[in-house]
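Here the structure comes first, spelled out in C-alpha cells, and everything after it is commentary.
As written, the chains take the letters A, B, C and D, and residue 1 is the first residue of each chain.
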Amino acid sequence: MVGYAFMGAAHSQAWRTVNRVFDLPARASMVAVCGRDAARVAEAAARLGWAEAVTDWRELIARDDIDVIDVCTPGDSHAEIAIAALEAGKHVLCEKPLANTVDEARAMVAAAAKARAAGVRSACGFNYRRVPAVSLMRNMVAAGRLGAIRHVRAVYLQDWIVDPSFPLVWRLQKEKAGSGALGDIGAHIIDLTQFVTGQRITGVSGLTETFIKERPLPSSSTGLSASATSGPAATGEVTVDDAALFIARLDGGAVATYEATRFATGRKNGLRVEVNGEHGSLAFDLERLNELEFFDATRPAAEQGWSRILVTEGEHPYLGAWWPPGHIIGYEHSFTHEMRDFIEAVATGADPTPSFEDALQVQLVLDAVARSDSSWISVAS
Amino acid sequence: MVGYAFMGAAHSQAWRTVNRVFDLPARASMVAVCGRDAARVAEAAARLGWAEAVTDWRELIARDDIDVIDVCTPGDSHAEIAIAALEAGKHVLCEKPLANTVDEARAMVAAAAKARAAGVRSACGFNYRRVPAVSLMRNMVAAGRLGAIRHVRAVYLQDWIVDPSFPLVWRLQKEKAGSGALGDIGAHIIDLTQFVTGQRITGVSGLTETFIKERPLPSSSTGLSASATSGPAATGEVTVDDAALFIARLDGGAVATYEATRFATGRKNGLRVEVNGEHGSLAFDLERLNELEFFDATRPAAEQGWSRILVTEGEHPYLGAWWPPGHIIGYEHSFTHEMRDFIEAVATGADPTPSFEDALQVQLVLDAVARSDSSWISVAS
Amino acid sequence: MVGYAFMGAAHSQAWRTVNRVFDLPARASMVAVCGRDAARVAEAAARLGWAEAVTDWRELIARDDIDVIDVCTPGDSHAEIAIAALEAGKHVLCEKPLANTVDEARAMVAAAAKARAAGVRSACGFNYRRVPAVSLMRNMVAAGRLGAIRHVRAVYLQDWIVDPSFPLVWRLQKEKAGSGALGDIGAHIIDLTQFVTGQRITGVSGLTETFIKERPLPSSSTGLSASATSGPAATGEVTVDDAALFIARLDGGAVATYEATRFATGRKNGLRVEVNGEHGSLAFDLERLNELEFFDATRPAAEQGWSRILVTEGEHPYLGAWWPPGHIIGYEHSFTHEMRDFIEAVATGADPTPSFEDALQVQLVLDAVARSDSSWISVAS
Amino acid sequence: MVGYAFMGAAHSQAWRTVNRVFDLPARASMVAVCGRDAARVAEAAARLGWAEAVTDWRELIARDDIDVIDVCTPGDSHAEIAIAALEAGKHVLCEKPLANTVDEARAMVAAAAKARAAGVRSACGFNYRRVPAVSLMRNMVAAGRLGAIRHVRAVYLQDWIVDPSFPLVWRLQKEKAGSGALGDIGAHIIDLTQFVTGQRITGVSGLTETFIKERPLPSSSTGLSASATSGPAATGEVTVDDAALFIARLDGGAVATYEATRFATGRKNGLRVEVNGEHGSLAFDLERLNELEFFDATRPAAEQGWSRILVTEGEHPYLGAWWPPGHIIGYEHSFTHEMRDFIEAVATGADPTPSFEDALQVQLVLDAVARSDSSWISVAS
C-alpha cells in the first residue's frame, strides 16, 4: 500500500478484516506500506498492521513477494505509480478519482489495457458501490423494478470548511487535488449514479463556486484535519472549487441534477441519491447507509408508500457474512467489501470493477462540468 | 370569485373560515362566484357557500356591492380579468402564476401600479408563503440566524402523469397553461426561495423535458383529474414540459438547484426547500408542512443536530388562533392565512404581498429557464 | 351545541364545513349554542357561526326546531345533559370520555338503549377514529392483512404541564375532570386500539403518578391555557394523575402496553399506536396524522421494509372529497369526518359509532387501571 | 476466549481491531480460543485470528501466558467458568446476562469481590453502553441537561421467531438460556436505562407470554439461525417467554415502561429508549445507532424541536479515533469500545464497568418480572 493517511487507514482495516469474515479463494498478506517520512511510515505500519515500512514506492514494485499495489496517495501521483506497477505486472487497486486530469486518466487506461492482456488486473476504488444498500439498489434497477428511468437527483453535501479560518490544506490546492468538491465528492455521485442506473452522462451544464478565496496557511497538513498557524497568519489562495452544481442528460433518457459542496452547514457526509422510474423509485442516504428507500408503484394504490428497507439481512448483498438481522454496519465495511470483490476477481482471473475505463468516464464528466461554467442565461429585469 | 375548480374550492374554504378563526378589521362576504356554465356554477355556488352565481365576470366588476375580485381561472385569462378589475377599482387577488407570458405580466404590473395610486390593492396568490413553517423560515433568515446564504436547493416533485394513458388535460396544453411543471409548480419554488432568502435569481442554466409526447384526448377535463375516452383513443400532442431542471445564481451570492417535475414516481406533493448559511441551515417539506428542520451551528459542537421544530405552537406565525400545542393543520390553511393577510392589508390601507411585481420576477425566471435549454456541454468520449 | 371552548370551536368548524365538502342526505343547520355566561356565549355564537346563543341547555332540548344535541362540556355534566336530551327525543353526540364515572356511563348506556327503540341515535366523539390513516389501519386489520395480532403498544404523550408554575386549571381537578391524563388522553388510546384491533381489553396492571402535587390557583381558567395569578400565589392540590401507565391483555390474545402522560417533555400531541401481527405491522403517529406506516411480511424478503403510506389519496377513507394527491389535512378534519358519519347515520336510520356502550367499555378500562395501582412486585436487593 | 459463535465472532473482531484504532497502555494478544468440538474450534481459531484452539476451558485458566478470560458461552456455564477464572487470578470479561439465575449471579459477585481484593478485575459485557450515542446520552443526563427524570420508555423489539416453523434452538430452551426475550434482550434495556438515568428499578409489574408453545426440533442449532428437520417433524415445547412487558418505578422518582419481544413483526433489532426530564428529553434507536435525539426545553420556545445529533464527530465519545465527520460506525464497534475500556481499566488498575454487581441488579429485576405475572386486575363487564 502506498500512502497511509485517511484512505490508508480505511484500506488497512479492510485488508485486516476481509479474510476473517468472508470465505475467499485467496488470503491477503499485509506485506509493506510506503510513505516518504521514514519515522512516520514505520509508526503507521506498526499501528495499522503492515509487516514492513518503506519510503520509496518503486521498492514495492520491484519485489517478488508482492502481488498487489494499493494506491492511496493524493491524485497527483496516481498515474505514475499505477502505470509503473501495472508495467511491473502488479495488480493495481487505485483510489478515486483515478487521476487529476483527463490526460493522465487516459494514459492509465492504456496501461491497464496492456497489462490486462498479460492477466494483470486493475480497478478504481469507488467504495460506495459496495455499500450493501447501493448494491441492492443497482440490482433492483437492473432487474427492471423501476422500468424506464426518468430522473436522477444526487447530492454530496459536507460542511467541513464552512469556517473561513479553516486552513489551506492540500485538498484545497489545485496542484495536489486537481479540483475541490467536484473531484473529491462529486466524483462519487457521478460514479454511483452511473453504476446504479447503468446509464452514462452525455452532457452537462454546471457552475462551480469558491466562497472563501483566501485561507490561512496550515502549520501542518494531515488529511482532512489541520490547524492554522498561530501568529499573524500568512494566507494563501484557494485554487479549487468549494461547490459544484450541474444538470445532466443520461444516455438512457433520464435527466439529472448533481450537487457537491463542502458548504452545506449541518450536512456531514450527506451523499443522497434518488432515482425515479416508470414503475417505482429508490433513494439512498450515506448517513443512514444501512437503509434503502423503495417506492413500488405496482402495489395496490391505497397501500403504496416509501418503504425503508433495513439492508441488514442475510438476503442482502454481502451481509450473510456479518451479523444477525437488524445489526447495522458502518462506513468502513464498504472497503472490506471492495477488497472482498477485488481478491475474488484477481484470484479467479476475472476483471474487478469499476475498471480504469469506468473511472475515465467519471473524469470526462468532471472535465465537462469544469468547462461548462460559462453557459449562462441572465434573468431579464 | 372567478373560477370554481380546485383553486376555487380551496379559496372558498378559506373565505368561509377566515373570520371564524381570526379577529380582523373587516369581514368577508361571499357575494358571487362566476363560471361559464350556468348550471354548474349554480351548483358550485350552493355547495361552496356563495350567495349568487353569474356567468360573466364583467358582471362582477360592474357591481357596487363587490370590493374584491379573486381570480382562480387558468393562466390564460388572468391578465384580462385582473386588469379590468383593477381599472374598475376592485382590489384583486390573482392566483399564480401571474400570467402565461412575460408581456401579460408586465401589463398587469402596470395596471396594478396605476390602481395603487388610487388606493386599489393587488396581490398574487403564492399561498405557500403563508404556511406557518415557511413564514417562520423567512423570519429566521431575516433575523440573521443563518448568516450569509451559500446554498439553496429546491424541488417540487409530483407524479400524477407518470402513466402514459393519463389524458391530455388543459394543464398539458400550452395555450391554456403556458407551460407545464415549470410554470405550475416551478413557479412555487422560485417564489418560495426568493421569499425565504430575500434574494433574487439573476441567472440560470436549465433544461426542460417532455417524456410522454402524445396522450389520449380527455372525454372531459376537470382540473387535475380526468378520464380518457374509451374506444380507439384519439390522441393529441403534449405541448408543455413534464419536467424542468435548472441551476441558478442569486443576487446575494448563493448558488442554487431547482427541479420541478410531474414524473417523480412516489412523490405526491414533494415541495422541499433547503437553505444553507454560514451559521446554520433550514429545511422544509410540504408533505410534512407542520415541521421545520433547523440546524444551528452556533450550538455546542457535541449537541449540534437537525432539529424538527413542530410548528404548531402559539409562538409560531398564525397558529395562536388555531388549536392547542401539537395539533396539526393542513394544506388548505395556507389559503385561510392568505385571506387573513389580504383582508388585513386592504382594510388598513397597506399593500398585500406578494405584489404583482414580485410575481413578474418569478415570470422572468421562468422565461429565462425556458430560453436556456440550449446551453450545453457535451461529455467527451 | 352545549359548550364552546376548545371542543366547541373544533365542532363548530366541522359543522360549518361538513356539507361544503361532502355530499350527504341531510344538511346541518347551526341553530343555537349554549353557555352559562350570556355575554361570552353571544360572542362565541357570532364568531363560530351559530344563529342563536342561549344560557340554559334545557331550552335547547325543549325546542322543536332542534334535532341534534352536541355535548361539548366537561365530563361532569355529560350524563345529565345527554340523558335529558335522549329522553326528549334528540339525537346526541357526546364528547369523550363518556362520563366521569362508571355509574354515570352505565346510566347513559341505559338511556341510549331506551331512546334507540324510538329511533333516537347516540354516539360518543372519539374523533381520532375518523383520521383517514386510522380508518385505513382499521380496514387493513379487519381485512386480515396482519393475521393474528400479537402486540399493541400505545402512548399518548404531551408536555403542557411540565412547568410546576402552570396553574391548577379544571383539567387538574378531579371533581370536574374525573381523572387526569388517564381519562383525558388515555381514553383516546384505549378506544383507538380497541377500534383498530377489534379486540377488547380484559385485564390490566398499571400505575398512576402525580409528579407535581401543588400548583398555583389560576386567575381564570379557559380550557388548555391559563395564566397563574400574580402576587404571592395561592396554591391548591392537584387531585388527578399527571401520568398513567399500564400493561394489558386483549381478548384476542394480544398483549399491550399503554402510557398517557402530560410530562413527556418535547412531545406535544404524541399519540402513537403500533400493532404487530403474524403477517405484518402497522404504526400511526398523530403528529404526522397524514401518514400510516405498514410493514408487509408477505413481501419478498430482500424488499421488506416499513412503508410510509401518505394517506392523502382518493383511494383512502374520506379523502376523495378533499384535495389532490399529497395535499395534507389537519387535526380538525377528524371532526368534519365525525360529523359526516353522524349525519349520514342519523339521516339513514343507522346507528352511528362508537356507541355509548363502546364508550362505557373504555370507562371500565380506565376504572380498572385506577384500581390496579397496588399490584406491585418489589425488586429484591 | 471461551465460545466462538455469534458473540465469539463479535468479540474477536473487537480484539483484532482495538489496538489498531486506539492508543492504549497495553496490547491484546489473541492467545487461544476454546470450544468443545476440536475440529470446529480449530477452524474458528484460524478464521477469527486466535493463535491456538483448545477444547477444555480449564486449560486456558491453567496457563501462565493468559491474563484475561473472555466468556462468550450460553448463560448456563457463565458462573462455573467465571468463578474458576477469577479464583485462578485471571481478569474476566463475561457476556450478558451475567447468569441464568439470581443464585449463580450472587455467587459470581462474591467471587468477583474476593478476586478484586487481589487486584483481579471483572466486568459484564453490556456492550450497548459503549455505543457512542448511548455514552453521550449518559453524559448529558449526568450533566443535568434533563433535570429530574420523569419518564423512561424502553423497548427491544425483534421478530426472528414470528414464523411458527422456526425451530426450537437453544435460545428457546429454559435450561440453556434461562429465559427468552426477557433475559436475552430485556436485560439489555434494563441495564441501558439504569446506566443512562443513574437510577435503579425498585419495583415492577409485568407479564410474560409464549405465543407459540410447540416448535419443530432443529436438525442442528447454531446460534440465531437454524433449519428445521425435514420429514414429519418432531416437535418440542418452548420453555421460555416469547415476550415480556412490564411497568416499573425507579429510585429517583421516574416511572417506566419496558417491553422485550421476538414477535414484533418488522422490527429487526429495535432497541429504543426515551427519557423525559424536566428540562429536556433524549431518545435512542439501535437501528440508527449513530444518532441521538435531543429535545432541549431551555431553548427559545419558537425554535424548540427534537434534534437529530449525528454522533459521528471528534467531539463525541470514542469517535476521535475513527473516521472523519459523518462517517458512521456499526454494531460491532460497541465491542471494540468495550475492549478499549476493559484494557485501559485492567492496565491502569481500575475497575471496569459494568461490574458483576451491576449485572446482578439486572438479574434481580428479571427475577421480579418473572414473579410478577399474577398481579392483575380484571376489567369489569
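In the analysis below, contacts are C-beta pairs under 8 Å (C-beta built on N, C-alpha and C of every residue); 3 or more make two chains touch, one makes a residue touch a chain.
All values reported here derive from a predicted model rather than from experimental measurement.
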Check: Hey, which chain ends up farthest from subunit B, C-alpha centres compared?
Finding: D
Next item on the list: Determine which of the two chain pairs, A-C or A-D, is joined by the larger number of C-beta pairs in contact.
Entry: A-D
Note to self: Roughly how far is subunit A from subunit D, centre to centre by C-alpha average, rounded to an integer in Å?
What the structure shows: 35
Check: Approximately how many whole Å separate the CA-defined centres of subunit A and subunit C?
Finding: 53
Notebook entry, point to check: So which stretches of subunit A touch two or more other chains?
Noted result: 159, 267, 304, 306, 310, 313
Checklist line | Footprint of subunit D on subunit C - complex, ascending | finding: 102, 146, 150-151, 153, 155, 157, 159, 162, 200-207, 209, 211, 243, 245-247, 249, 253, 255-257, 259, 261, 263-267, 276-281, 295, 297, 304, 306, 364-365, 367-369, 371-372, 375-381
Margin query: If we count contacts the way the header does, which residues on subunit B are in touch with subunit C in the complex?
Written below: 6, 10, 12-13, 16-17, 20-21, 47-49, 158-160, 223-225, 267-270, 286-290, 310, 312-314, 323-333
Checklist line | In the complex with subunit C, residue positions of subunit A that touch it | finding: 136, 140, 292, 294, 296, 301-310, 313, 315-316
